[in-house]
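Quick one: the structure is below, questions incoming.
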């Protein structure tokens, strides 16, 4: 059973990492939204899996909340945002596609190196997912830094939150329920505020290109 | 002795089958597109026709031009003898090595590119430079994706890898395996000149990669080059099928195992051929500057495959 | 219970501002009153902390107010009160002097012409938004410093980001939208990293002690710290410093700070620069106490000193090329937070200096930003080159602003001189003489730049179109009060404050 549990966790975490790499690869925002949706569903499935194998019923609630909020709610809001602004394509991001993909590989390697002490210490069967979660964290950071459209940065931030949720799930079988609740609330509020700001950027600048936000220098 | 005969036999069988594989992919594509399609043995007829024709060679061509078809065909046959198609030999196993496979294939491609440049025709040069761009990104991916398997099997010997995977079936579900398979599949499409990287049925020279390099060839030379290309397709399919789904490969020279192995092999590459045909029907050709993006993505997948098998023990 | 009063006052004020539509001036006045109430509550808690009790007594409660928390709570409520009193929606004259209890004043001085002529310039919708978000901001900060559970502290700090980000772009100009987007994105990323660090520490705790229900309470974490794994806690602390350091404005994560603090309205900037940065440093200090019990302090000290020196350097050098006075104040904040970070790494005396610096800086920076707001209203420009003759044009604001800047450069008799002196002393005493030398050089750079800019603003001719003279409003009185507080803290460190600081050291560096 342990072997199967471990395999499933690694499969799910790798899937989540791959969805983040898709953002570095593809160019259209609808693809990004689908990638985020897949990632959230994978996270929810993983949480439920850990709840089943780790005999922790609270995680089922967490999985359901994840599906509702991040699997359905936020992608719906993202898609309405994207429809409102028309087709957005990352035509010339700060770092081009091939270099981004290679950088993602290097970041995952770095994450493996960082996560080694943790994996050595942890005795949980889910510990194989730890470097993948850290890799997802760094790749999300890279997405935020290297992309130009505000909406892509928002999606990168959402993936960062997924990465940390994954870290909590595979590292400690989830954090206490009250903390989980607070984190969800914060995530939702943060996203709503970001949405407001993306609209404001679009209204004030007539573009979602973050490169235009250069009025404030020194 | 028997093993050597069996290896020679499976090599010859592969050489004989390769054009049939190409024909079956073409036939499947035709049917999917609503046409009747040429029969499966059409490529054999084409090869026979080409061997009977006269060879026309440019005045500017050097010995490279004459040598390249033989190198291409020869390396392809050599690699086919190294890859376990139906039977895994235990005798002279140590030659069936990952790096030998990768570099022999690269040798063939290298000579073909040189031959494209040799006659001085602009299309040949264009094809050669495009092919080198593609190959520069695919060779490390091929090596890495098989290396991911080699790490779990603790050996770069292809036969050993197959043996280990059969012994532990759970590994075949691991993310390392799946990622490596995905990377290898994309690389197969790139190396054998299939959509979405290169359209094998195009007649517009500016869209060609592989075809442009062999534009100057005619007669038996062209036959050898085409046959070599078909062999390359068979080799990649055999690697993909037998390394990742090795059940059915015979370990002993018993007739039952051999027949079963052969049948399963045909089924596996048939399935892969249908998958490629369906993909070719659905997908449009990528613009040339987007090809490195696709290949970088496959490289990263192979890299992740290596990382997940190497660092998680 | 006092803590409930402390939390409830800003909560009630927020609710009041949300519920009352359209905005009425009484909401603003109630808001100020409730802010005063929360200040009283925090003073009461400070008095309790002085007498040695930690509120509440049990170690497993949601909130925990020891001397450090009480000290910071007093700072937060004080700055919120001043900001609340000077905010829009109270009826203000053209200088931004709020007219509190307007009817009372009118009744007393029936023939005061400047009051008659004054209009309530503030847009009711804007005032309402300000009251809502200012009180919510104060609430989240107070919860952050009085929470026992480090995860609750995290939730509160994340909430401060969200709430203050909405409060920045009050006029929807390109610059303010850009500033708030940068602020929101960078700080949210930083906070997420801080959560990763929290999860790391929690997982380590769980692996050694099992799933305890109160595992994330600070004192429980600290007591269990010696049994935690050093490598893991080092990694966790690195994440924590980068994460909360983003909130605290430490370099190299400080890039949001000059933009956000210069584009926000003066009252919001005062709160952000004065106390929000302090809350970020508070979080780092709390985690340092935990990690130091698990690992030898050398690692955390080295990390904090590196980041601190970098912040001081970047702050000081950016001050040289400044052209806008609000950004100047913002970079000064980066520099001072760097000093606090260095102080935390220099043992008990250094921690004392750092905490005293936090208190002094809170008062000085908020006062300076509020004064900058008045200057902006009068001169209608943010550029240093176009502000001159301040002493002549605004006879009260000018000298107070000068006092604020002189405080920030560390001149006696103001409080920051004492804390910087103690910091340098601590550096020398712990054999970090090179750090003391570097800090001195950088402080000198900052001194020269700031005084040079101040000179340009104070003296010279008054530009055309700028009204001269100012009415003696409550605002000036309040800001004058801040200056007096700074003098008091500098000349004679009042024993209660010193005692609170001493007890905080004991809590942190056991």
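Note that the chains take the letters A, B and C in the order they are written out, and that residue 1 is the start of every chain.
Everything below uses one rule, namely that contacts are C-beta pairs under 8 Å (C-beta built on N, C-alpha and C of every residue); 3 or more make two chains touch, one makes a residue touch a chain.
Just so you know, these numbers come straight off a predicted model, no measurement behind them.
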In terms of CA centres, which chain lies closest to the overall middle?
A
Among all chains, whose Cα centre is located farthest from the one for chain B?
C
As a test of whether you follow the contact definition, which chain pair has the most C-beta contact pairs?
A-C
Which integer distance in Å separates the CA centroid of chain A from that of chain B?
37
Cα centre of chain B to Cα centre of chain C, whole Å, reads 66
Distance from the mean Cα position of chain C to that of chain A, given in whole angstrom
32
For the complex, which residues does chain A have touching chain C?
114, 117-118, 121-124, 137, 141, 144, 150, 153, 157, 160-161, 164, 167-168, 171-173, 175-176, 178-179, 182-183, 185-186, 189-190, 193-194, 196-197, 200-201, 203-205, 210, 213-216, 218
Contact footprint of chain A on chain C as seen in their complex
149, 151-152, 155, 158-159, 161-162, 165-166, 169, 172-175, 177-182, 184-185, 188-189, 192, 195-196, 199-200, 202-204, 206-207, 211, 213, 215-216, 229, 231-232, 235, 258-259, 262-263, 318, 321-323, 327
If you look only at chain B, which of its residues touch chain A in the complex?
170, 173-175, 178-179, 292-293, 296-297, 299-301, 303-304, 307-308, 311-312
Within their complex, chain A touches chain B through residues 3, 7, 10-11, 14, 17-18, 21, 25, 97-98, 101-102, 104-105, 108-109, 112, 116, 128, 131-132
